[in-house]
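Some notes on the structure that comes next.
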């Protein structure tokens, strides 16, 4: 299934070394004055080669919007878009044609499909996330009109941590550089906060708001864990430590003494900021020789040549935000929340 | 949405204090000789009142299977079932009619629906998980015929931990008793392992196998976090520490030096055991007075009277297994994996 | 798939000779004061044995609503219901255990599932339509609150026709009696009109309003054809004969000189009455000996013993209305049309 | 919803006068050697300007396949495609900016979305069917490998009819020319036969095979009616006239004395050819002045200038076949039918 969402739906296509990647955004509310420059700007945020910390693959990543917009406003019809692939050095991967890269999807794709496009990971390449960013950029503008804002920050890289975007990023940056210097890679955690979500958004049972967010985040390449509010740490606590008490000067809205619930109770938003975290593994592509096997199980050595990111968490940040934007907008629409357009 | 799954689908209904809860299991493969006693046995595992550590509410929880089975075998048609509610002491909750219990779904349900069945949490009650266990019990039997087995254990309660089901449970049990003695509650973590899943099950992109598992697990009442394989801890590691190398005596199947991947690579199973964890918060229902507000925001005091579980992780264990069984079976069917029936 | 609808969803279960049939209605808007007597009354309309023209099988058909309603109002949670099977004379069907009834689903079910409940058609029995009537009865009440009304009539039985519910039904009734007297059966057509649907409901492309209605109607047992507006006859016409012209005293709403479009243009409602027709075949169950084959292909003779309806179109009428009610309500909700509750 | 299908899914985008139309085909089985020339050839069948009987709009209609194919074989990943719009004379439509064309989707789209791309019908243009033909062309090749073939013919245009593709088309052609000469248009019926479908494909209840086919066909622009087998005419018959009897030399497969059932019984295929009909209305775009109203309801006259088809049934033929191909393949996959790839 290459479709995400229920009402606001993104369907994507594309291999990293084919002619193009792209997608279709369905369920876009009509009559919205869309800023297409902002869509491109979001895409630029994740573009490789933008920082010395990330892959040196240089993609222009220019998105072409092909439909659904007329005289500057959305029509309510699907927005089809294409992002041409450029600077795809397939030759870099020729040597890997018959090799399975450890911890990559090479082996599993072949088991699932019987064949694969081995060039740069093909469909399994993180390049597909560019399409998610386009879908998220459109959603972000619609959410902003509702007073809903999504923002994330890197809270951990390797052993270095910080508790807010205001804290110094240098120690985390150092972890990335140290890993790169060692021809290694390093993991990290992305925190994301969604403010302005009205109370009453979401659903009980199987489509809980945090359940939908978990599925969205875990679908990002490299994601290994998800939690919200107090999260995993709640397992160590007593109930009396985590009570979010209603403040006594409650005025019909909701005001709580704390936000251990992370803005969601029983799968439905309570009006507080939604707080979530996504943990990313270090990329298994290392700039060193790795012992592996070929398609016949014969021992082989992998001489990595592809350009890669020593810390995928860095480039995952705008993707986490994009998935959050799409999920929240989808839930607003599913709940029948009227939009201010 | 009260439906779980894509091909193997469970749809449930029921408030905790209504006449009954129940559901419909659709997509059950035909011709399977179903052991209905085992279905009831699974249900008995989660029944309250079964242990001094859990709620003293005594439900007989007898499931009635109403369709889809003929002469002992499944017909391929939906299995409808009902579990009558008994011993529902609604009077216990009358006092809470106009109060919002902190960290419960009372406030959010009213914001979502405008009204709620305040008795025992109504639809938001963990009682609905009995229906998940029925759906999981049917799936478990079908998986067993494929050589696929799902088993879990409690790896943490509060400060006490253990790394396998073989280790002593007493320290964890003590955490529960200590919490109960204090009129408090405590969180915990459920680990779950799925063995025998063939390689090639799952999908890339948005419906990754671990993404589907995350959504399934996070939909369980009280779940606050999910991870798989090395999980959250991967964020602290270097890539070189987490490489699952193909063993050189690989024989067409797959044998790895380690399982940091948790049995899933690129969203598709690799044939190794699937390892996941789910963190549960302590129940916010405490046996002590709690300050709160009523529906008009006036300060009030909550005198808890309902029977409850000091550690929902304990009763979540069979539910985690049930959700795992349904998710894996659904993925096998979605992948078009032929079943040995 | 035993689920109908996208937002307002009905999932059903049950074999005609099992302990019960039933279903779950999901997506019911909350806070609606539901008249449960009217739900039973709708069910009584389709009950067999209600008229000398229909099957003499006597089902009490009492529906039990098990959830989703609290203090007389809908909760927004699923409404689970059960209709116990009574007076199921399975013995009537023992002789048919190994026989395939011509033009029934006996042979195709066995090819699809490998086995079947041969008693009274099992899941393939028209008895399942009782569940559709329950789902439709709830939808009908919600639509009435919106000023939307659904009503149908029999426009043809065999050679006898009429163009409105006001015309004499006697000639059509005579066709049924003549067929019954000959141990035969006869086909018919049900017309259905939906008034009060606001303009702008539906969707273009694949989920056109008439496309959804066609799927709904064709899913009724015995349906062989569907059309709307001028329908099949449009194939014989010139475009100039079918123009629905906007009246010049158009006042912001819409007023047309005619309704060849049947209330739908481009898959979206235009505010005019929606007019559709469904053709039903004569039941292939005849009260005479029929040559057939057994499961091994050996020639055999079928001595019909089951009670049946000489004209299923008669009992299909309330089912057509029920499917129309569910489809229109589902589309209103999908379009985000606010309900007056 | 701009997505068709459950497993084999086509999602489309595009306005008739935007830069391009296109789509994404998901659920394509992997490892299939796809003939891309045949895909283009199917597209050429529906291209306007191909015959004096159809619109003179000249579209090159060259499809660009952007993904999902590697070294000549399908990858099992989505096939994204784009068809650039050329020769779109928007100026032709400027005069219609504020006018509602009778029996078109102009008025209803504005009611649904609040705005519309008035150029050539925008999203409502039959041009979108080019994308359906691409999706159908890929499905057709997969079906051919299974021995399943789909072919249709025009059985009626206006008053002229024929009962097979072998009969003379001239009388029907004359009806088109007569309509065109009068600046008028004319309706027609497309018959479609699907051979080679194994028995046991489809589902009971709501997703009956003919129910899915009805939805697919009625979603084609201009479709007004659908039936299968004896179809609408069954309403006039006695049951004894429509019995498809099992032949006595039945050999485990199925052989029937007739095919009144149209290859489907109880919503599941029986192995006989599937026979269906779709009725199309005459296009409401006439080459004559038509009285109408503008967006403010003021009387106006429509001077048609756009190029159009006097008989949309002619160009609907390949679209009917395409929808049949996609529906049958989707059902084969949904039923878990193994494909010979």
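We just call them A, B, C and D in the order they show up, numbering each chain from 1.
Please note the rule applied: a contact is a pair of C-beta atoms (placed from the backbone, for glycine too) under 8 Å apart; a residue touches a chain by one contact, two chains touch by 3 or more.
Computed from a predicted structure; not experimentally measured.
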{"item": "Intersection of contact partners for subunit C and subunit D", "value": "A, B"}
{"item": "Which of A-D and A-C has more C-beta contact pairs", "value": "A-D"}
{"item": "Centroid distance [mean C-alpha coordinates] between subunit D and subunit A, Å", "value": "38"}
{"item": "Rounded Å distance, subunit A centre to subunit C centre (Cα mean)", "value": "45"}
{"item": "Chain centre separation in whole Å, for subunit B relative to subunit A (CA means)", "value": "26"}
{"item": "Multi-chain contact residues (two or more partners), subunit B", "value": "1-3, 12, 77, 112, 123, 204"}
{"item": "Touch list for subunit D against partner subunit C, complex", "value": "1-4, 12, 100, 102-105, 107-109, 111-112, 123-124, 128, 156-159, 179, 182, 184-189, 198-208, 210-212, 214-219, 221, 223-240, 242-246, 248, 250-252, 254, 260-261, 264-271, 279-286, 288, 290-293, 297, 299, 313, 335"}
{"item": "Contact set on subunit B toward subunit D in their complex", "value": "77, 204, 333, 336, 338"}
{"item": "Contact set on subunit B toward subunit C in their complex", "value": "1-3, 9, 11-15, 18-24, 26, 30-31, 64, 66-68, 70, 73, 75-80, 82, 112-117, 122-123"}
